[in-house]
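Two complexes come next, and they have one chain in common, subunit A, joined by subunit B in the first and subunit C in the second.
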Partner chain A sequence: MSDSSSTEYVTLVSNDGYEYKILRSAACIAGTIKKALDPHSGFLETTQNRVELPTINGVVLEKVCEYLYYHQKHAESKDVPDMDIQPELCLELLIAADYLDV
Partner chain B sequence: MSGRRPRGAGIRGPHSALTDFLAANNISAQEIRDSYRQRVQQAEADVAQDATTTDNGEGPSNATDVEQVEEDKDDEEPAESSTMAAERSRKRKRNQEEAIAKIKKGKAAKKSKKSKKKKDSDDDSDFEDTLEMYRKAKPLPGQLENCELCEKRFTVTPYSKAGPGGGLLCTSCGKEMAKDAKATEKAKKPVVRKGRRKIESNRLDGSTFRGAKSLQQLCIEKLASHSEDIDEFGEMPAPIMNRLSEIFSKKRAMNSTTFKLFLQPDLDVVAIPEAAYLETEDFSQIFAVVPRIKELSLRNCCQFKDENVDYMMEKAKHLTDIQLLGANLISNDKWIDLFISRGKDLRSLKLEWLDAAFDDQAVEALVEFCPNIVRLKLERCKQIGADSIDAIARLEQLQHLTLRYQNDIPREKLANLILCVGDKLRTLCLEHFMNSEDAPTDDILIAIHDTCTSLGKLRFSENSECTDAGYVNLFTNWPNPPLHYIDLNSTRDVDNTAPEGPEDYPIGLASSGFTALMAHSGSKLQYLDISSCRHISQQTFTKIFNPSQTYPYLREVNLSFCPVVDTEVIAGIFRSCPMVKKVVTFGCFEVKDVDVPRDIVLIGAPKAQDAIEQFGQVFMDFQKDLRQEMGRNVPVLG
Partner chain C sequence: MIAGRGRQRIRPPRRGLHGDDLDFDSTWVSIEAAFREIHTKNASRLSYEELYRHAYRIVLKKRGDELYKNVYEFEKNWLASEVRGSIDQLLSPNLLANVQNVGGTTANERRVSGEKFLKGLKQAWGDHQVCMSMLADVLMYMDRVYCQDHRRPSIYTAAMFLFRNEILQSNISETDERDVLGLLNHVILEQIQMERDGDIIDKHLIKSCVHMLDGLHADDLESDDQRLYNVSFEREYLDTSRIFYRTEAEALLRDSDAGAYCGHARSRIHEEEDRCRSTLLDSTTKKIQNVVEAELIQNRIHELVEMESGVRFMIDNDRRVELNLIYDLNARVDENKSEVTRAIQRRLVEMGTAINSDAIAASQATSTSAQEKNLNQQTVAAIKWVEDVLVLKDKFDRIWRESFNSDNLLQTAITRSFADFINSPTFPRSSEYISLFIDENMKKGIKGKTEAEIDLVLEKAITLLRYVQDKDLFERYYKKHLCRRLLMNKSISNEVEKQMISKMKIELGNNFTAKLEAMFKDMAISEELTSGYKRYVEGLGDRDPKRIELSINVLTSLTWPMETIGGTGEDDASKRPQCNFPASVEKIKRGFELYYNEKHSGRTLTWLPNMGTADVKAVFPRVPQKDGSLKERRHELNVSTYAMVILLLFNELPVEQSLSFNEIQAQTNIPHNDLVRNLQSLAVAPKTRILRKEPMSKDVKPDDQFFFNEGFKGNFVKIKVGVVSNGNKVESDRERRETEKKNDDSRNFCIEAAVVRIMKQRKELSHQNLMTETLSQLAAQFKPDVHMIKKRLESLIEREYLERVEGAESYRYLA
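Our next item is the complex of A and B:
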């Protein structure tokens, strides 16, 4: 992360226009976002520090962000309590998780 | 007010001072009278109802009793038998008695009033309140009082406890009461148990790792726990569908309802790892909904019957891969019909745990009509014997072969099978082949050595005949490239009188065989299982797993019940296998106090008192680069 253009925070944008600014380290837990922000990839995302996710809506993306921080927080601990997920969100979240590779 | 107005427009009689005063304060004699009459009527109606216990519909019809009637309707079924009615009246009387008793008791009755039937609410509450007013005041400290529970006389102190009825309790009863209260409070608090057994079970399944579960895993588990509420999955990627199916199966949530979620017309794979709750009709649904199915995998499909096979032959014209476990209701003839119908299209057949049908003739039909079989797995099928081995030897396209027979198989037949199909095989699994007649030889190993040249996975387990020299011979100058999967577990002599095995020639994989194995395949090996190979010496282990050697791909090692394995060997494995994720050492009593490196799981070390399994905590010096690219750690499944 020595690249000059890379910032501490990155922006994730949902398909309905919600923007979430989260720590780069947390965002990079998601494999897809990590690849998009990889400085060697030469993608547009790397210069803008902004990832648009046109398949994910705001509600789901919020939950994804919550998970990313939850994952970062518990990275070192064992027997982590499960994060609470509303059942009605599960299917969409699952598809988003598959897409984001988390 | 409005009630009085129509009486006269402007016409008024003589007024007393009291009437004027009441009117000025908005008090109407009419209203007071009405409400009194109402109450009297209601009380009468109650009595009448109790006596006759008539149907609810015939209850009092005046508007004031609507509430009452509604309440009764709530409580009781409208169409009730006379016995029930009698029961109800008895109940009501009992309630009334109880109510009176409570009122007598006093204070507590006021609290419980709400739970009581509201039936006699108005009158009673008035009565009760008046009663409350005239109650004797509680005795002050220093005075004497009878205990509410034991009726004993005692001196009241500021610490005297109040009883359930509102009175005071003597010291001993008070203590008793406090104890009970504490107990109920404890019971109310949810006991947070760690579920050690569950945790260990997860670890042995390979599903634990440091940190949080993946989001996908969380979602899938949540979905499985709400399996009844899901209407449809919608567009799901195939790997996720598969994972969902596995988790539903594991949680025993795969029933006739939830199973339909997994049937989508555009799928070509249906895999149900646990189909025990599914009925015959459900299995037919598969082929009705998913006619383009190519792969069918059903485990524990106990209700898969002949009619399902018929329907499958009729509908599923593209089926190439069939896996059925425990399909014991399919008759022999139906198996043969199936092979005839699928014929040249059938590529893969996996059958396990069949004991009622599926005999040598069925295997012969399979070989006859399905010559293009690439993958064949027959495990624990009780009816098949030596003739089926001869038949399988004629399958020319075979690449993956897994066999586990229940019956005795003459060794020459098995060796002949390997000689016939061996050169194309990429997977060869021979488990538990028994032969009580011939003298033990290494023919099988020789046959493998001579014919197999493209194996990637070899399992040759539970064998008590082949010698160490045989394994040396197999792995020396073998034209086959290095294997990635070797399982030679439980190759040893089983004889209670001579636990060390015969002295002149060691049975099973021993020191020199293991050395030859690692020399041949160590460079590509990913999975190694040599559990219960008891004759490998400690020196051999330390020589093979020493830091100067590297096994770059080795991810999982099982050394269980190799008694010589000690801490040094385990430490050696950690250093010489950079990719290793899981080391299993059940029954290795010399393994003590190992520092397990980060991201490696050591399972089964029996001397570890606190945990059967140990998570690596420390970064070892050889893990420097790992520390730098601390990405996510994916658990390795065996």
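Our next item is the complex of A and C:
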């Protein structure tokens, strides 16, 4: 694979054009993103280090990224405080989570 | 929480986000096209997200089963056409021919075509794996949702099954019924066989094929014991190996010796181990080892051990490395190493028995010659026996250490074998011989040796002693021999004697050595007595110029073997013929008795002149010397007490007068046997012929006449007149029987004591239990005869120590 395959940050793109650059390790918590970036299979995403997610809008994706970091941060601790999630986002977040296999 | 925000409503997600309408067919077309790209390794242009989204949508629209089916069919077709096609190209006629018969193609050709086939298969498998993992990634959502809900195997697993069905289990060609899997197995086995024959093969390649087999299962359940590797390949591998090693073992047994066989077998075992590590799977190691061990060792070990060049040959020729090999091999298949152990034991007993019969033969070889000489020869034979046994022991010890890794089991086996032949009923003299060996060393052997060497000799004697069962018999002999050594001052070093005793004490316990130690004590007391008496005599004041010096040994009659000292130990002291001492000697004897009774009242002293010696100064009349002058000669004669008494008789006799044998006996009252022996040494032995005998002959007859030999010539001033048969020698048969009888008597006593001890404690005991307890109590001393115990029991019942319990096979103790 090309050199870019091992960058520390990757880009996630929402359907309304927002781009989020987040840590690769955090992004790979989501199963779908992890597979998309898997260097062994060599899909288009791998070469660009950029995953477009046309099913998710910017607001939700922001929350997703927040969650990924949140997850990474608290992965090994107990009694983790709940994350603040607006009820109106709940359903869409659920769908996104299902899609991304978080 | 949610209740607290009651006013807010959760909006349904906006429709259209995932596309309401779904054209399954067109979506499938694009997916299928993408799959094709993946299979041809062109994935870098495809967007994972896009494909994932397609699959996601399809599943979301409840058409997962169609998608699954389509993918399945797609893979099946792909394998059947594309992959199968490339494999078919590898199935060269060369390769196919091999399966049927090996002839016709060279090994090299076979190897090349085989390798090509393996490589192709490995390639196909590798590609399939990579592609399927990519497909599985894309279809992740399907796997997660559809497959789990409908209990279908994930698409990846399903594709693996497809590979097995479509490629491995397909026929080689339309006309050929065999499947590719069989061919694969065959090729791998052939490669392994090539390696066994010394060729170099591509281990890595085979290993990856083996991994493929390991990754696939024979059924669709993926159970561990159903791996293709296990059910198909491994089984064949083990079978062919078994056949191979069976024939190899046969050929080797026929063509080479046992040592080479062992070496070969061992290297084969290591080879197989290596092979499993480098070429096959570790899980096979144990199984193939079992096969090799079974074929090369287990089924052959007996033949191997028995071979002409087998264990026996190795022992005889000290092939310790080979013995180690065979031991190692045997240990692999048999924890007890029974074959090797048996062979070792048999050989050991054989060699031991040979030593035994050598000793017997040597001791009987010259039984026609004179009795005395014969005894001497027997003594030599006894010592030789002990030395031979020690050499044998050394040999086996070294073998045990170097070849058998100091194996405990073998040690006990060896020990048992030693005990077997040393105690063998056909060779009853081991106790005596060992004691004689010690005796010999005490008298001569240790002269000029360092302490460490002496220690070694003693240690050896003790090791042998350890094997002896009848320790009481040994004690009897040792006592007898020790007694002679002590009384006649034959022992070189008292220190060493004591060392020996203390060693025995460690080995056999206090009981055993108590009497021996008492003997030493007696000796020490006697020394004090002698010097005390000397002072006492000096204190008396009358300085008699003709005073005779006396040194004396006072012995406690119970601790010393009386039969050795008194000739016939059982005779009462009063019945023993009392020797008539000449007046001058008698006076001293009285003096000492007086002195002794002053110190210890109430003790009886019995004089044992047959054990004593005397220094006599003798003057011989002038006889012409070589230079013509006449010279009086003085000699100091060291003679036995009896001989002194005899010589003193001649003191009072005018020259040229003679005494007959009967006269001497009448005057001295010396027992017949002793008299004959002493007269023999005085009148017959050529170097010490102080008396003259008429007629001149070897034997002493009752009416022989004895003269003082005035013409006696001696080269030294001091002359020792040895009395025949004073040293420690092997017993004659008569003596032996006596010793044994005495031993039996004392054994009877021991058995009775043991029985009474046991019964006193138990009060009541069954016959069987009593027997076992008695046997175990006495084991340290000797191994009693069951018959003997029974007799003792009868006698105890008669004397009302015990009674039989009515109706039961048991006894009761009567206080």
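Just so we're on the same page, the second predicted complex is superposed on the first by the 98 of 102 C-alpha atoms of A that agree within 3 Å, B and C clash if a C-alpha of one lies under 4 Å from a C-alpha of the other, contacts with A are read in each partner's own complex, and residues count from 1 in each chain.
As a convention for this text, a residue touches a chain if its C-beta (ideal position, glycine included) is under 8 Å from a C-beta of that chain, and two chains touch if they have at least 3 such contacts.
Just so it is clear, the structure is predicted and the values come from calculations on it, not from any experiment.
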Partner chain(s) touched by A:Met83 [first = subunit B, second = subunit C, both, neither]: first
First, second, both or neither for A:Val102, with subunit B first and subunit C second: first
Subunit B versus subunit C as contact partner of A:Ile29, first or second or both or neither: first
Subunit B versus subunit C as contact partner of A:Thr55, first or second or both or neither: second
Which superposed partner A:Thr47 touches (first subunit B, second subunit C, both, neither): second
Which superposed partner A:Tyr70 touches (first subunit B, second subunit C, both, neither): first
Which of subunit B and subunit C A:Asp38 touches, first, second, both or neither: second
Footprint overlap on subunit A, where subunit B in one structure and subunit C in the other make contact: 31, 87, 90-91, 95
Partner subunit B, residues of subunit A touching it in the complex: 29, 31, 64, 67, 70-71, 74-80, 82-83, 85, 87, 90-91, 93-95, 97-98, 100, 102
Subunit A-facing residues of subunit B, complex: 194, 199, 210-216, 218-223, 226, 229-230, 233-237, 239-240, 615, 632
Contact footprint of subunit A on subunit C as seen in their complex: 2, 5, 8-13, 17-18, 43-49, 51-53, 56, 130, 133-134, 137-138, 140-141, 144
Subunit C-facing residues of subunit A, complex: 31-32, 35-36, 38, 40-47, 51-55, 87-88, 90-92, 95, 99, 101
